[in-house]
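Letters A, B and C mark the chains in the order given here, with residues in each chain numbered from 1 onward.
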Amino acid sequence: MTKQAGPRTGPGPARTRRRSRPLTRNRSPYPYWLYLPAGAVFLLIFLVPTGLAFYFSLTRWTLFDSTFVGLENFRDFLAEQNLRVGFQNTLVYAVLTSGLKVVLGLGLGVLLTGRLRLRGFLRAVVFFPVLVSTVAVGITFSALLRPDTGLVNRALAVVGISGPDWLGDATTALLSVGLVDVWAGVGLATVIYIAGILSIPQDYYQAVAVDGGTAWHRFRHVTLPLSWPATYSVIILSLIGGLRSFEFVWTMTRGGPGFSSDVIASIIYKQYQAGFFGLSTAGNVLLFLIVTALVLPLNHFLGRRQVT
Amino acid sequence: MKTPPPALRTVVAVLATAALTACGASGDEQAGEQAGGSVTLSFLTGSDQSTVDTSKALADAFMKANPNIKIEIENQPGGSEGDNIIKTRLSTGEMSDVFWYNSGSLLQALNPAQTMVDLTGDPVLANVQPDYLPVVSQDGKAFGVPATTLAGGGILYNRKVYERLGLQVPKTWDEFMANNEKIKAANITPVVSTFKDTWTSQLFVLSDFYNVRAATPNFAADYTAGKAKFATTPAAIGGFQHLADVHAKGYMNKGFGSAVLDQGLKMLIEGTGAHYPMLTTLLPAQLENYPQTATDVGFFGLPGTDAAKHGATVWEPAALYIAKTTEHLDAAKKFLAFVASPAGTDAVTAAVRPSGPYRVKGSKLPEDALQVAKDLQVYIDQSATSPALEFLSPIKGPSLEQITVAVGSGLTPPAEGAAQYDKDVEKQAKQLGLAGW
Amino acid sequence: MRSLKRAGAEGVVLLLATVIFLVPFSFMVLTAVKDDVQSADLDFAWPTNWPIVQNLVEVIEARDYILLRAFVNSIILTVASVTLIVIAGAMAAFVLQRRPGRVGAVANFLVLTGLIVPPAVVPTIWLLQAIGLFKTLPGLVLVEVAFGLAYAMLLFRAFIAAIPRELDQAAMMDGCGGLSLFFRVIFPLLRPVTITVVLTSSVRVFNDFVNPLYFLPGDDNATVQVTLYNFQSQYSTQWNLLFMDIVLITIPPLLAFVFFNRKIVAGMTAGSIKG
């Protein structure tokens, strides 16, 4: 592999495979038993219960007993009155939050690996929201976004704008929750990007510097392509997170007002809370299928992407 | 790999010690318990202020009277999160000996016959008022004793505001709206609404049930059988219509969509809001910060169409139950018998000033009971009360609170809201596997 | 001129970051030091009274010092879970990235499954009961590891892909294979991402409240987030105490972050992977 080509990225098939074959035949340097610790725990504690749960999606389940009802739960779930709104909201929310996290995370990542003074301080500041529990974030922003006494609208009033009831108005509720989610989660994207940028060998930067490259040149031709592992991770993780997310929706609007900020996961959670365990499990199976259908091709596409 | 670095070894050692001491402590405790011949009861209760205070008062008074029985209180979140924890613990056999839970429709979902100790005919129930028993029963078997007081659900109002504006307690909806107009003219919020805490939005619908029952006496039974619907019963649409009317007239506080219960209670108590559709039980917790709650806040039933038929909807108290998995049945029964006795309610009164009457024979409201409790007592004395629908029918649709928020915010017309709720109810009935759905 | 511009840009960034990230934080701290009546307003007013010590003592003493016990439990839980996640996750991700094929495809799919499928609470309890680990700390550790592996593996896999295979081959010439190849050669190179995984996983485990609530019930076993959850409804009229609890349980992870942050910087100056 030559330096110009850059290291291979993404979990694609290796070009060096042919060369390593003879070795593999005797004893692979990558023995399968390295899977063992992770696989054992995952299989026992995650896959077995999940398999059991999938069976219960075919039953009317009260936790105390269950009656087999076939696909009735799936039919009932799809007949849910607000599923359509929930589905649209889920897509909007996931794209909005993951998009912003990638862009802001990358920007902050570059900034916070640069020669900025107070770099350490800023890193701590950006990462701090990740540490605060969702509940606390929810309470805090609910207070800051209050229509009359909230700080946000007071600040807007200073410049002559009369702000809306951010979380209590059907038109702004989902957007507000999404922005709070970005506030709380961008620190995570940033540390992933910091790791990605720090993993780029210094030689590349030196090579560009010799060519007399500008900062933009450096970013465009070294940082951006070579932090691809980070971009890949942030996109996949935050998109899945966004599609499944309901913690912030739940703590700040409970899907309201009415059903206007419901996402699929919050619809499922409400069913779970109502004690419709079979129905909510069926909803989870469907959500799983939807997310897989969206993420699998994306994962394939991103994973195969080569550095040019 | 080589030997682990010293730092790592220290961590492991600390972890091991911590794990050992953690185990050691609980072991000692159990040994002591057996040696002393005493019993420790675990008692799972909610974590809102008045539930905590009530539970603690009951446990402390009981332990004082029975020094050989120790009660350990475990708190857990309330609301539907709490429901699921209770269901999970019951179904996996990990429930505490005694636990606090709702009466009425929610109890039915716990499979009491399988998971709780049947108290039917037991002396534990000797002091419980007989007409309370149906709400803690399934198939004629009773499982619990009332842990707190009856609550009124309707309109809480600020009496100072009424006095100042010279208003009369309304007996019909029209009188109520006329009052609202005058209150609005005086620059006071007529109807406090706190839709961020979604459950608080349901009160207009739920506490209208006295009026629904007055107009259609068989509603509860027909509704359970799937024959009566909200959308097709004129009286039952009333609650949804009320919400829409109040919103349409602009009687709600600014920012009602993001206001929460605490703000609402504060507005009511301080008199910046005149009416708050709410349960009386929420008030005792406010006394600490706002002593005037006791005198300034009154209660009236949600007004209907006919002044002669005015009455109030009431919520039966939550109950204490014994889990079938208990290993200390005698002690648990002893505790429940104490809870459902005048001595028990006296202990509660000393800690939480009652906001409604007790359901225990021989328990009297104290002189210094809250004004709302006295107002509620008047309705009871006139026999002008009805339990809420959730105590007469096992079905309560889970999405009511979202629907009422949507109707009360003007997002959904009332008739459509009622129809949506019928669908929600149908889903619940199907999940319960009821006949006729 | 240029340095002036630079200083100006830095100033703007600093100001923005401070406003966006620190204003909510100062709101939390301010609320934590107010008295209970004023804190109920949940606004940005300056405290009229400063019952800092009183609030602090009240939160720490609450429910028989539950917070202190919770800290011990949370730290043990976090350290044990994260150690396992990092080691098991990095090992598995290494094979996964380096050895594609049918096994790899299945493993890939399982990683995605782990990220997408929400855990099934009640069946997991049954399973833990069956193997006798329900209501034990090791049981909860296993749960956290199982739910956290997929996330860690995704990160590790993406970053291992950036390590050239020439290194593996060179190491193999030196007689390294399997485990020693991984631990001697690959794992040290993964330092930046390992730190990231440690950070993110610790936060996730430390801030988790759903799993402890279900899998390790009881006051003796409480974790810090569970105390918050309990306080939340219990202190519904005492926001100052709730926020004091929030501030107290946010500080240890913040300190841990500052510590690891130094590590990241150190890693940077030491130079990273040579291509």
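Criterion: a contact is a pair of C-beta atoms (placed from the backbone, for glycine too) under 8 Å apart; a residue touches a chain by one contact, two chains touch by 3 or more.
A quick note: this is a predicted structure, and the numbers were derived from the prediction, not measured.
Undergrad: Can you pull out the chain pair that has more C-beta pairs in contact than any other?
TA: After tallying contacts for each pair, the winner is A-C.
Undergrad: Which chain's centre, taken as the mean of its Cα atoms, is farthest from the centre of chain C?
TA: Of all the other chains, the one whose centre lies farthest from chain C is B.
Undergrad: Nearest whole angstrom, what separates the Cα centre of chain A from the Cα centre of chain B?
TA: 38
Undergrad: I'd like the Å distance between the centres of chain A and chain C, where a centre is the mean of that chain's Cα atoms.
TA: Centre separation, chain A to chain C: 15 Å.
Undergrad: Could you list which residues of chain B touch at least two other chains?
TA: Expected reply: 88, 91.
Undergrad: Chain A: which residues touch two or more other chains?
TA: Within chain A, the residues that touch at least two other chains are 63, 142, 146.
Undergrad: Residue numbers in chain C touching 2 or more other chains?
TA: Residues 122, 126, 229, 232.
Undergrad: Considering the complex alone, what residue numbers of chain C touch chain A?
TA: Its residues touching chain A are 10, 13-14, 17-18, 20-25, 27-28, 41-44, 84, 87-89, 91-92, 94-100, 103, 107-108, 110, 112-120, 122-124, 126-128, 131, 142-143, 145-147, 149-151, 153-155, 157-159, 161-166, 168-169, 172, 176-179, 181-182, 192-193, 195-196, 199-200, 203, 207, 209, 225, 228-229, 232, 239, 242-243, 246, 249-250, 253-254, 257-258, 261-262, 264-265, 267-268, 271-275.
Undergrad: Using the touch definition from the top, list the residues of chain A that touch chain C in their complex.
TA: Residues in contact with chain C: 1, 3, 6-14, 16, 19-20, 23, 27-32, 34-35, 37-39, 41-42, 44-50, 52-53, 56, 63, 111, 113, 116-120, 122-137, 139-144, 146, 149-151, 154, 183, 188, 191-192, 194-196, 198-204, 226, 228-230, 232-233, 236-237, 240, 244, 277, 281, 284, 288, 291-292, 295-296, 299.
Undergrad: Under the definition above, what is the set of chain A residues touching chain B in their complex?
TA: Chain A residues touching chain B: 60, 62-65, 67, 76, 81, 142, 145-148, 165-170, 253-260, 270-276, 278-279.
Undergrad: Okay, in this complex, where on chain B does chain C touch?
TA: Residue positions touching the partner: 1, 11, 15, 18-19, 22, 25-26, 46-49, 52, 74-79, 85, 88-89, 91-92, 94, 261-262, 266, 285-286, 288-289.
Undergrad: Under the stated contact criterion, what part of chain C meets chain B in this complex?
TA: Touching chain B: residues 36-37, 40, 63, 72, 76, 79-80, 121-122, 125-126, 129, 134-135, 137, 183, 213-214, 217-220, 229-230, 232-234, 236-237 of chain C.
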